[in-house]
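Naming follows writing order (A, B, C, D, E and F), and every chain is counted from residue 1.
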């Protein structure tokens, strides 16, 4: 049986992701599809941005299930709309933050987030605690360099992230690193090697490839989230959104 | 100085709230104003409903601050949009769930939620843990009677809630009860008396009057949420929402 | 209805507090009264001092309730006698430490204590954990300057506290500061401004005005602590204290 | 070297304890001495009673150290004055609640308190959490039979406690029982046998003999509490207590 | 690239597992190999049994890595030797308990263990807490029917497990069930259907297929456990075991 | 009654321990006996080493109980085989890590481990969390000097440990130090004095003398671990170990 994993990038900006980004995850029995939002923010760097991304993420999730996807991955480290999407659909919905945080705990006992902006610290703290992983959360480190100065220069970005990763491994005793932005796709190996060159053999997690493969693992196991915990929303009027009818 | 506390009822249904509901909270130096949503669900009973209520709640919060309100209260026990609103404005934004849970902890050491629907259990669990109050959370009890059968009969509703409140006091050792729906406004006293008649002297918290007065307390103390923790969102394009310009 | 909030300063030293200190909290329907101890220590800076302050604090609480007060505030950041007073009376009894710690958690996600003496660290740690707030407690910082050198110079004291506050915001990621001594009354605004001047917009809590207003909020809401959790002590002989008869 | 362990029974009631009660703990190199209070309650069953017992307990601790005792045991399951006494003296001060709770955790993974009055539940909960043992605390069970009806009939008392102990082992999965009143001295063996007769092989801890022997263990190891954590109180005036001069 | 996942069944009993048991997990690029122990217990139902299984499990892990396996799965819900094997080898080593507990937390917020023997409760409790998942652990339920009476009758076993699973979902609010014995292979679907027939839509996790696929996911992602946390053991003499030379 | 405490040093290296090491613990009614392993590692510095030490430690425990010992102490700070030995025998089995960690919590509120190798950090972290003491665990510090360079020079070792102890007291706010290697026997007093010379009056725990005396305390109190929590293993075939018959 072939799994179709649908990735929703919960922003309206075309060009940030290409379907080729997910190519390395594909197998003879694993296919990836992709969608963007029509309503929402250009990027996500705050609770405000997240809030605006959720309604259309839910719509995309419902559409993907109806189109025959076997699982959904929300392509943002804040896991926006994870619980609401799980209520709306029955196929597995995975967030890269939840998935990477659990796997990092398994591999390294304690893990740290390494990302761009210090302002995300309380948001990540809140998310990790909601996932029940506070006791395994070693720390948070941000490069605090304006993104625009650095995103065009992936080498410089990787080096800056490696410096922060090394610091949190040494000071906070992290045993695994979760890269805190899905835009860092492809940098994990470089950072892992930089740490290893200093004798720090610590896994660095690129959450999107992991989460796509984990979604496939759940599909192959016949597992999904609990509909007892995430039941279908009750039927009611909704003003201002063109949401597919959940109760038809 | 007179405080103006703006209450946002984050649903689109007219008639659920009247400004008179907040009358008992008013004082010579405390005024309450009120708004509903234009975009969002008819009522909130799921993560899905919450997600759809947040964008327009943020808009209402920004408008209220610009209109001169001194603090904002979100009138729903799920505290939808609390963090996002705090990013968007500088005046205090309070959620009744957070406020009632903290005050209940102060008054009763451990508290329970008593509400209508069992399906809200994981949502409340998640919220309480995000507020750092898991160790003070005694339990959750729901009457599990269809709301439509009972909301027209406040006496029957009060009695059903009192039965569940008594049970969680005795079995879960709750020292305070938080009523888990802002629609229960006015029932706290009746339930408290029913418990006291059984020798169980436990405060029962009607969260909205408490939260309005707490908002006033913060205003009078010159306190608001930390803008270090809830910084203004970064400027970016937003598609599909008519949000006031935060960066103008 | 006018609330009468009775403040007990749990030391025997006249002159430390004047009724004027509480003037800014008064409103047309909120009055503050005040008492000192006759039996107890000159000041409170240890568990030993606290222990000696509690019996007469209880007496003052019983007297205040009998004199018609609607709520009691214990004017010391160690909240001495909070539980025992709650057993002895039915009107709300609030401690500034408990109140400030809960409000700080609400406003800043995580909070730090900033105070004079490093020796109070384990005491505050113990208190905060007893309030169920350990997971929101970011840190503790003390100026470690002899009090006598500095208490006559409130400017110097404020500056020293601001340095420590800044440090715990940056290093421990506190989102709110609780001033750890009720003797710092009036310094919060200065410290908050000093932090803001460094771009750290963090609320600084002066616990006594907050706690008086919170006491009023509880009175107006008809709420008090749970007598199920803090029941009246059983009747028995007491040697060596002239305690009002609780069981008469 | 002979250890002298001084037991302070922190009440004013003569006859509750005899020095013979401690006889079984004595060894060729372990002697027990004993004192009662002159100022304080007749018995301890509330936070109020505890508060009134602490000042004279401190005095007795200081006197015992000056009289040459090597360690002090506070003979009440609420451990009244434990921290304050540790500040006042340098020899080890032990509380039976703290000692028994730690040893019960070691022996049974999780433990329950079994005692007479249900009203002590929040007090014990607070104490156990202050000792950092919440995660090992399985439950609390009280016989809820008026003490006066039963204390003259130790057989009946033992049977009632055994019923509750059995219940908390089965329902709360306790692996050890701490008897929650030092007045139950001598009942542990009977209750342990009653449990064993039902196939529940669970240690039942009589805290006073354990704590006396643990005090001796500390003395023999040259260990005491940390004076860094429990420093000598600062010198100051004290009104209304005839406390030995700590700073002479 | 084809992953070779080596499953070690850490007992000496031939016939308990066949390579066919793992057939459903295989894919065009995923192969499973298998080994038993030569030194160890006939089955594992205690800490004692586990301890005796670990040394030869380590040997099997070292051999598997040298034979070219890409990851190792320890086929016992107690995860015996997980940390020691991770020290000894560099390829991923997974335990079904750790893997299933993390995935159950992701899918159901809180999970319960359902197994045969009540005696495993403290062992599972200890393991789950070591994995940092205590706050997501809802409960433990055992069928308490002698295994020998039931293991030949998988239908009866499935029914007995379903009864306990239903009970822990309803009473402990578990949102996912982890089957607590790798010998229950194949029963998950039946139990899940029995729960769903009662309206309880809760995932039931058969840990071995999940763990094999998770091992493959890690291999495909290039991830393994942290050698910083699980470093190669220091070289030293070992008496009485024929362990492959780790330091050659 | 004389207690016989049997110490098992869980390594195969003769000469590391002499019976004289335990001499200072002996009393007229307390005798210590001692054994080494025949199967196992030369020393213990990893999970791998521990795993290889456990089977023969269990054998020694069973033999000691049969030879009439009243309690068993496992002479290694990793407490190898503690749970398995408790299943195998009925007399108390104590580990120095568990005992020292609990006593350190009692004496100093929070404690740190100070030891030789940084690699033990996750192992100690895991052990402490399994004992339910995470909230009292202040930190871990290692001297990171090759053991061979320093073990012949106990003065240099003591000085290095004192430096690290001082650091964790000041930075992590530890109130007690647990020496993290049983090979440090005799160094506690020197380190305690070095700390005191800096004004840091913190107990430093030499775990073996403490644990032997604690074992005696349990024997004298008639206490042992719970056989409800650590039941006798079920009877089954064991291959490759010559274990005494537990079920004969």
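As a convention for this text, a contact is a pair of C-beta atoms (placed from the backbone, for glycine too) under 8 Å apart; a residue touches a chain by one contact, two chains touch by 3 or more.
For clarity, every value in this text was computed on a predicted model and none was experimentally measured.
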item: Each chain counted as touching chain A and chain E at once; value: B, F
item: Far-end chain from chain F, centres as C-alpha averages; value: B
item: Per Cα centroids, the chain farthest from chain C; value: E
item: Distance from chain F to chain A - Cα centre to Cα centre, in angstrom; value: 43
item: Chain centre separation in whole Å, for chain E relative to chain C (CA means); value: 52
item: Residue numbers of chain F (touch at least two other chains); value: 109, 122, 126, 129, 132, 134-135, 175, 229
item: Pairwise chain contacts under the document criterion; value: A-B, A-C, A-E, A-F, B-C, B-D, B-E, C-D, C-F, D-E, D-F, E-F
item: Complex interface listing, chain A residues touching chain B; value: 12, 37-43, 45-52, 54-56, 58, 81, 83-84, 86-88, 119, 122-123, 126, 129-130, 132, 229-231, 233-234, 236-241, 243, 246
item: List of chain D residues in touch with chain B within their complex; value: 121-122, 125-126, 129, 134
item: Chain E residues within the chain B interface of the complex; value: 109, 135, 173, 175
item: Residue ranges of chain C touching chain B (in the complex, touch as defined); value: 25, 27-29, 92, 94, 98-99, 102-103, 105-109, 131-136, 169, 175-176, 189, 200-203, 205-206, 209-210, 213-214, 216-218, 220-229
